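Both of the next two complexes hold chain A, though its partner changes from chain B to chain C.
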Partner chain A sequence: MRKLMDIVGESEVLYKREDLIAYECDGYTMYKGMPRAVVFVQSTQQVSEVVKCLNKEEVPYIARGAGTGLSGGATPLGGEVIISMVKMKRMLHLDLENRKAVVEPGFINLKLTQSISDKGYYYAPDPSSQYACTIGGNVAENSGGAHCLKYGVTTNHILGLEIVLPSGEIVEIGKEGIPDQPGYDLLGLLTGSEGTLGIVTKVTVKVLKNPEGKKTVLAYFDEIDDASQAVSDIIAAGIIPAALEMMDDVAIEGVESAAYPVGHPRDIAAFLLIEVDGIVAGIDDQIEEILTVCKQNNVREVKVAKNEAERALWWANRKMGFGAMGAISPDYLVQDGVIPRTRLPEVLAKIKEIGKKYNLRIANIFHAGDGNLHPLILYDASVPGESERAAKAGSECLKVCADAGGSITGEHGVGIEKAAEMRFIFTDEEIAAQTNIREVFNPKDLLNPGKLFPQPGRCVEVKRAGQNEMQPVP
Partner chain B sequence: MNVGEKERETVNLAGMLENGPACETKTLGNYLWDDLPDPNKWADCVHCGMCLEACPTYQETGEEQHSPRGRVYLIKAVAEGKLDINEAFAKPIFDCLDCRACETACPADVQVGGLIEEARGQIRQAMPLTGLKGAVSKTFLNGIFPNKKRMNRLAGFMRFYQNSGLQTVARKTGVLNVMPRHLKDMESILPEAGKPVLARYPEVVPAEGETKGRVGMLTGCVMDVMFSDVNEATIRVLNRNGYEVGLPKQQTCCGALHIHAGDRKTGKELAKQNIEAFKDYDKVIVNAAGCGCALQEYDELFRNDPEMLPLAKEFSEKVEDVSKFLYENDFERPKSEINTKVTYHDACHLAHGQGVRFEPRQLLKEIPGVELVELPDADRCCGSAGIYNLTHPEMAGKLLDRKIDDIPENVEMISMGNPGCMLQIAMGVQKHGRSEKVVHTVQLLDWAYEKDKEQGLS
Partner chain C sequence: MIVSDIENILPKEQIKENKEQDHLLGNSGVQIIEAYSEEDISKVLAYAYENEKTVNVISGGTKRGYGGEIEKADILLSLANYKGIVEHSVGDLTMTVRPGTTLKEIADELALKGQSVALDPPWPEMATIGGIISANDSGPKRLLYGSARDLVIGLRVVYADGRVIRTGGKVVKNVAGYDMNKLFIGAMGTLGVISEITIKLRPLPKYEGLSLLHFPDGNGQPIRDFSVSLLDSMMEPVTLELLSPSLAEKLTGKSSYTLAISFEDRENAVIAQEKWVRENLPAGVELTVLHQEEAKKWWEDFRRIGPNGYNDEMNEGTTLAALKIGSNNLDVLDVLQTAELLAETHHVAMEGHGGLGHGISRVYIKGQQENTAAFIHALRGKAEEKHGYVVCTHLPFKLREAVNVWGERPTYFALLEGIKKVNDPKRILNRKRFVGGI
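Showing the complex of A and B:
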C-alpha cells in the first residue's frame, strides 16, 4: 500500500472497507467481490509504475472505468487492486481534417460527441450507457450500441492505442492513427480483450461527419412474429437503417413506468424503433419503403417522428430502458445473445418459455437489426433462490442463442458472467488457443484474472461464489 | 414493491444500548433508530451508473462512494448489515450536495435525495454532533433559523454591523483575517440586510385592482433577512397580477437545512407548524427553491407517521414556485423595456427538485428588452447547497469556480430562484473580479412593472 501511495500520492489510494464496498461490483450486480484497494492513476507513467509494483509483489489487479459494464469485467473476484482510470479523462488531440481524436481512457463516450458536435462531427459507437461510460471501457469490451447496425462496433472506430503491458512496458499500436497497418491486427486483438491483455492509456478514435439528414420511425405490432418478420424484410429490401431496435410488452411496461414515458400503447406485443440517416435525398424513399414493409406485416400503427424533440424522447425512452427496469423490479440480469435475424420469432418464443419455466418475467429490449438480443431477466435478489433461478434462466437463454447458430455475447462482453457459457460456442482446444494468446501478454495472469474464459475448475467455483454475497478480503 | 419488509424485525435493544432506541422501534440491518430509511427507494436502483456523470462530487473526485449509485449502495449495505454506521460511512453521505442532479439523470426515478436525508437522520441519531461543529450547527439550525425573534435580531445585528461602520472597521483592521478563508469570502458579499417582510407587513396584502385569487406566501429565513427586497418584489408582483398575498405570522423556517443535516425531528416540528399556519390557503407560493422543494416533500418527511401523512400530502400539493405559478396563471406581460443581457442559473432544488426549468426562462424572455443567454451546464450545482458552502468549503469552492467560469462574458445579470445560490454566486462574482449583478427572476419582472408604472403604462 505504501509503495502504491509513493507512486500516486496518499489521497489517490482507497483502502478503507467503507470506501471499497462501492467497488465490489460494476453494472452486473449478481457477483460481488471486495477489492484490496483502489488506486487512481493520472498518467501513463503512473500506470506503468503501479503495474510494475503489483507485478513484483504478485498482486492481481483490474483496470476499471466508470463501472457500467454488464458482465462483471471490472468486478473483483476478491483481493485484486483496482486501477481506476477515471481521472485520466482529457482529450489530448483533435484532428478534424483527418477525422480523428486522441483521448485518455477515462474520457466519457458522450462527451466526445458533445465536444465536437458544434463542428458537425460525432463519435459513432453509442452504447446506451454513453452518458457515463468511458472510451477505455468501450475498447476493453468492444462496445456496441443502437447505431452499430450501420456503423459498426468500437473496433471499427479505433485507429490506435497506447497500452501498458502487464510487464509495465508502454507500447503504442497503430502509430499516428493510420488505418490498416501491415502485420498482425493487434488493435483488433486488444479491442474486446476485456482488460486481460493490457491497460489502455491512450486511444485514437475515428470521428465521423454528422449525417446530412435523419428520420425516425416508430411501429407498433400486435404480434412478435410480425415485428420480427418486418425486421428481416427491411434488411432484405436492401435498406441498412442506422438503427433498428425492438422492445416487447414487458419492457414497455418498464420504460413507461420510469423517467421517460412516451405513451406507448400497453396492449401491443412489441414496437420497432427504426432510424434512417445519410444524404437527405433518398431518406424519404427509404422511409416510404419501411412504412410499406411494416404495413405488409400487419402493423397496428406506424409513425415518423415529427420533430427533434419527439425523436429525442423516443431515444431517451429506449436508451434508459435497462435502468428503467428498476421501476418494475429490484434487480435484473441482462443477457446479450446474438442470433441470425431470421430466427428471431423462434428464439423469442423459446425465451418466453424459459421465463415461464423459472417463473421469472423476461423483458426484451434489443438491437433487432443485428440480431443482438437483450433479454432482461427480472428478479429480486432478496428472495432466497431467485438469483440462482435468474442465473440459470440467463444461461439457458444463451444456450438457445448458441444452438440457433448464434453467439453468447454481442457487445456486453463475457466477464465473469458468461465465462462458463464460452463452452457453448468453443471447444476446449479453441479456448486453450485463446488462453495461449493471453499468456503471451499476461503470463502470470495477474491482470483481470478469472475473466473471459472458463478456468479449469474455476468456472463452477465462480458461479457458486456468485450466490454468496461477498468474498472476504484476503 | 415492498422488498426489505421482511428484513425488519422488532428487537428490544434498549437494554443493550445506552441512550438506545425505544423498545418498540423497528430496526433494519444496522439502522437501529427511529424513522427508518425506505428500502423501496434503493430497490429501484439497479446500479446502471447513468447518474455518475450527473453528480458534481463524482465529477470532482471520480470516486464511486462519492457518486449517487455508490451512496445508494452504501446506504443499502448498512441495511444489509454489511456496514456499520461510523465516520467512514458518514463522510460520503454528508459530502453529498443533496442537489438531486442524479434524480434527473436516473432512468428509474430513484429518490436519491430522500434516501440521503433518511440515512443522515440515522447517522445523526447514532452519532450526535459534538464539540464546536455540534455547537455551531445547534446555534444556527435550532437556535436561530426557526426563531423569528432571533432571526430578526440577526437581521438587526447585520444592519447594525453594516450601517454602524463596524463592517468598515472590521474590514480595515484585519479582524476578518482570523476567520477561515471561506467565511471571509462570504462576509465580503453579505448583501445589505433589509428589514424582514414578515415583521413589517400586514398579515394580508391586498391585490392591486380586481382580486383574482388569494395565495399564502412563505417568506423564508435567509430570504427574509438577506433578501427582503426579493420578498417585497414577490409580493408586489403577485399583487400586480391580482393576487391577495397572505403572510401568516405563525409560519416558520421550512426545515430544509435541518432535514439535510439529519435533524429530522426538528424538521418535523417546523413542518407541523407550517402545515398549521397555511391551513386556510389553497396555494402556498415560495420564491426560494430550497424551501419550496422541502415543503413539497413534507409527505416524504412524514412517511413513517400515518397520522401526519395525509395532512402533509395535502399541504405538499398546495406548494408552488412563484415562477411556475405566474407562468401557469398567465402573468401580465410588462410593456416597458428593460434592456439587459441576462443568463439564468438553475437552482438545483428548482430544476432537479421541482422540475421547474422552462417557466422562469420563459418569464425572462417575455420581459421586453431582456435577452436571455443560456449558461452552459446551467443546472450544475453552484456549491451553495444549503449550508454546504460552510461545512464543505473546499468542494463548494471548486464548484463555484466552475460555475463562474461558465458564465458567458457579455451578460450583465445572472438570474436565479434561490437565496443560497444568490449568496454563493455573488461571492464567486466578487472573488473572480467580475461585475455581473445577481438577481432573483421575480425582481426583473418587478422592475419592468415599476417602469410601466413610471411611464403610466399600467
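Showing the complex of A and C:
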C-alpha cells in the first residue's frame, strides 16, 4: 500500500473497507468480491509504475472505468487491486479534417459526441449507458449500442491505442491512427479483450459527420411473429436502418411505468423502433418502404416521429429500458444473446417457454436488426432460491441462442457472468487457442484474472447468484 | 500418428513435383499439393508439422509477389480448387464461403439475390476471398464500407499442427472471447490456413453515380480544399479517390490529378449529392459524371491496374512493383505528389491513387530494378517523416532481398513474435513472409 501511495499520492489510494464497498461489483450485481485497494491513476507513467509494482509483488489487479459493465468484467473475485482510470479523462487531441480524436480512457462516451457536436460531428458507438460509461471501458468490452446496425461497434471506430502491458511496458499501437499498419491486428485483438491483455491509457477514435437527415418510425404489432417478420423484410428490402429496435409486452409495461412513458398501447405484443438516416433525398423512399413492410405484416399502428422532441422521447423510453424494469420488479438480470435475425420468432418463443419453466417473467428489449437479444429476467432476490432460478433461466436463454447458431454475448461481454457459457459455443481446444494468446501478453495472469474464460472444471452449477457476501475466489 | 510420407495421406493426383525453374516471384514449393477440402488442408499441415516441412500457401496467385524471403518451401499448398459458397443467408445478410472462391464468383452469385461483399480490391476475377482476407486487401470503397476487419465475422482456421479452430461466429455482433478473427486478417497466412470465411454482406446499391473531377495542373491546394469541404459536408461519398495524372490519363484520357467520387444510394440521393459536387466545383475543374453501367464499367477498368502475379514482364532489368502507403487521410495528396516527383528523379514510371478519406494509397512502379529499389527507399523515408508507412505488395523475389518489404519492425515486435510462436511454434507456415521475418 505504501509503495502504491508513493507512486500516486496518499489521497489516491483507498483501502478502508467502507471505501471499498462501492467497488465490489460493476453493473452486474449478482456476484460481488472485495478488492484489496483502489488506486486512482492520472498518467500513463503512473499506470506503468503501479503495474510494475503489483507485478513485482505478484498482486492481481483490474483496470476499471465507470463500472457500468454488465458482465462483471470489473468485479474483483477477491483481493485484487483496482486501478481506477476515471481521473484520466482529458481529450488530448482533435483533428476533424482527418476525422479522429485522441482521448484518455476515462473520457465519457457521450461527452465525446457532445464536445464535437457543435461542429456537426459525433462518435458512433452509443451504448445505453453512454452518459456514464468511459471510452476505455468501451474498448475493453467492444461496446455496441442501438446504432451499430449501420455504423458498427467500438472495434470499427478505434484507430489507435496506447497500452500498458502487464510487464509495465508502454506500447503504442496504430500510431497516429493510420490504418492497416504492418503487423498482426493488435488493435482488433485488444478491443473486446475485457481488460485481460493490457491497460488502455490513450485511445484514438474515428469521428463521423452527422447524417444530413434522420427519420424515426414506431410500429405497434399484435403478434410478435409479425414484428419479427417485419424486421427480416426491412433488411431484405435492401434497407439498412441506423437502428432497428424491438420491445415486447412485458418490457413495455416496464418502460411505461418508469420515467419516460410514451403512451404505448398496453395490449400490443411488441413494437419496433426504426430509424433511418442519411441523405435527405433518399430517406422518404425508405420510410415509405418500411411503412409498406409493416402494413404487410399486420401492423396495428405505425407512425413517423413528428419532431425531434418526439423522437428524443421515444429514444429515452428505449435507452432507459433496462433501468425501467426496476419499476415492475425488485431485481432483474440482463442477458445478451445473439442469433441470426431470421430466427427471431422461434428463439423468442423458446425464451417465453424458459420463463414459464422457471416461473419468472422475462421482458425483451433488444437490437432486433442485428439479432442481439436482451432478455431481462425479472426476479426478487429476497425470495429464497429466486436468484438462482433467474441465473439458470439466463443461462438457458444463452443456450437457446447458441443452439440457433448464435453467440452468448453481442455487446455486454463475458466477464464473470458468462465464462461457463463460453463452452456453449467454443470447444476446450478453441478456448485454449485464446488463453494461449493471453499468455503472450499476460503471462502471470495477474491482470484481471478469472474473467472471460471458463476455469478448468468449473461449470454452470458452481456459479453462485444473488449472494451479497464476499465470494471466495473460485 | 506419425506420417512420414505425404503420398500415403492424399491421393497422388493431388500431389505433383514442381518441375518449374525458380519462379520470378518466389513463394513456390518443391511439391505442389492441391487441397479439395478442409480435411485435406488439415492432413497436409499435420504431416508438415510432424516432419518440420515448410509450407507456402497459394490460391489465385495474385499476391505471390507480396512478401516472402524463401524461393521454394517444401510444400506449396494450393487452395485454388477449394471453392464455393457454403451458405448464403439472404435475410441475415451473411455468407459462408471457401477460401479458393474468387471475388468475381462470389459477386455473381450474390448479385442474384441483390447483395454483395463490400470489398473492391483489384483483379476480382483472379483474387480469391482467402487471399484477400489473408493479405487484408482493399479498394477505394473502404471509405464508406470499411475493410476486411469490418466485414469478417467468423473463420475456420487450420492451425499449423492440423487442428481446426473456429473464431468468431455466424452472427453480425459477437463479443464472446477474444476477437480472434482479427489476428488472421492481414497475417499473410503465417498464423494458420483459413479454411472457411463468414462475412457480412450489403444490399446492392439501388443506384450509383461516379463524378470525375479533373483538376488543372499546378498546386494541390484546390484538391485539398475541395476534399475537406466534401468530407465536412453531410454528403456520403463511397469513394474520394485521387488519381495521379498518369493513372487518370489511362482511365479517363485526361492527364491531370483527378478525384473519383462515387455515390451509391437511392437515385434521388445520388442525384442530390452530385448536385452538391456541381455546386461546389472549384474554378477550372472539369467534371465528368457517369451513371449505373458506365460507372460500374469504369470501376471494373480501375480494378485491372497494377501487377496481378501473372502480368510481370520477363525481360531482364525492368520490373513491376506495387506499394501500399498508409498516411493520415489528407496526406494522401502529399504521398501521390511526392511519388510523382520521386519517380521522375529515379527514372521509373509511376501510377498511383489514394483515398483522401481513408489514408491508404497505392503506387505502381515500372523501371530498372535498382531504380525501383531506390525509389521505394526514398518514398518510405518521406512517408515515415509523417508517421506513415510503405509496404511492398508486389516485388520480384530477387528484389525483395534488396528492399525491406514491410519496413522496420514495430517497437512491440515481441508481441507479434509471441503470437506466431503460439500458433505455429515450428514456423512452418509461410515462413519469412511477414513483418520482421515472421
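By definition in this document, the second predicted complex is superposed on the first by the 460 of 474 C-alpha atoms of A that agree within 3 Å, B and C clash if a C-alpha of one lies under 4 Å from a C-alpha of the other, contacts with A are read in each partner's own complex, and residues count from 1 in each chain.
Convention: a contact is a pair of C-beta atoms (placed from the backbone, for glycine too) under 8 Å apart; a residue touches a chain by one contact, two chains touch by 3 or more.
What you are looking at is a predicted structure, and each value in this text was computed from that prediction instead of being measured.
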{"item": "Superposition on chain A - do chain B and chain C clash or fit", "value": "fit"}
{"item": "Chain A residues touched by each partner, larger count belonging to chain B or chain C", "value": "C"}
{"item": "Touching partner for A:I108 - first (chain B), second (chain C), both, neither", "value": "first"}
{"item": "First, second, both or neither for A:M325, with chain B first and chain C second", "value": "first"}
{"item": "Partner chain(s) touched by A:G120 [first = chain B, second = chain C, both, neither]", "value": "second"}
{"item": "First (chain B), second (chain C), both or neither touched by A:L14", "value": "first"}
{"item": "Centroid geometry (CA): angle chain B/chain A/chain C, rounded to a multiple of 10 degrees", "value": "140"}
{"item": "Which of chain B and chain C A:M5 touches, first, second, both or neither", "value": "neither"}
{"item": "Which superposed partner A:G144 touches (first chain B, second chain C, both, neither)", "value": "second"}
{"item": "Touched partner set for A:F453, first chain B, second chain C, both or neither", "value": "second"}
{"item": "Smallest separation of CA atoms, chain C relative to chain B, angstrom", "value": "20"}
{"item": "Where chain A meets both chain C and chain B, residue numbers", "value": "none"}
{"item": "Touching residues (chain side chain A, partner chain C) in the complex", "value": "96-99, 120, 141-142, 144, 148, 152-153, 155-156, 165, 171-173, 175-189, 191-193, 209-212, 232, 235-236, 238-240, 278-283, 285-286, 338-342, 367, 370-372, 405-414, 418, 422, 425-426, 429-431, 433-434, 436-441, 452-453"}
{"item": "Touching residues (chain side chain C, partner chain A) in the complex", "value": "89-94, 114, 136, 138, 146-147, 149-150, 159, 163, 165-167, 169-183, 185-187, 191, 202-204, 206, 228, 231-236, 265-266, 268-273, 324, 326-330, 357-360, 387-389, 391, 406-407, 410-413, 415-416, 418-419, 421-423, 435"}
{"item": "Interface residues, chain A side, partner chain B - complex", "value": "14, 16-19, 21-23, 25-27, 29, 38, 40, 66-68, 84, 86-87, 89, 106, 108, 110-111, 129, 131-133, 258-260, 320-327, 329-332, 380, 382, 469-470"}
{"item": "In the complex, chain B residues that touch chain A", "value": "1, 3-4, 6-7, 43-54, 62-65, 67, 69-70, 73-74, 77, 80, 82-83, 86, 88-89, 91-92, 105-110"}
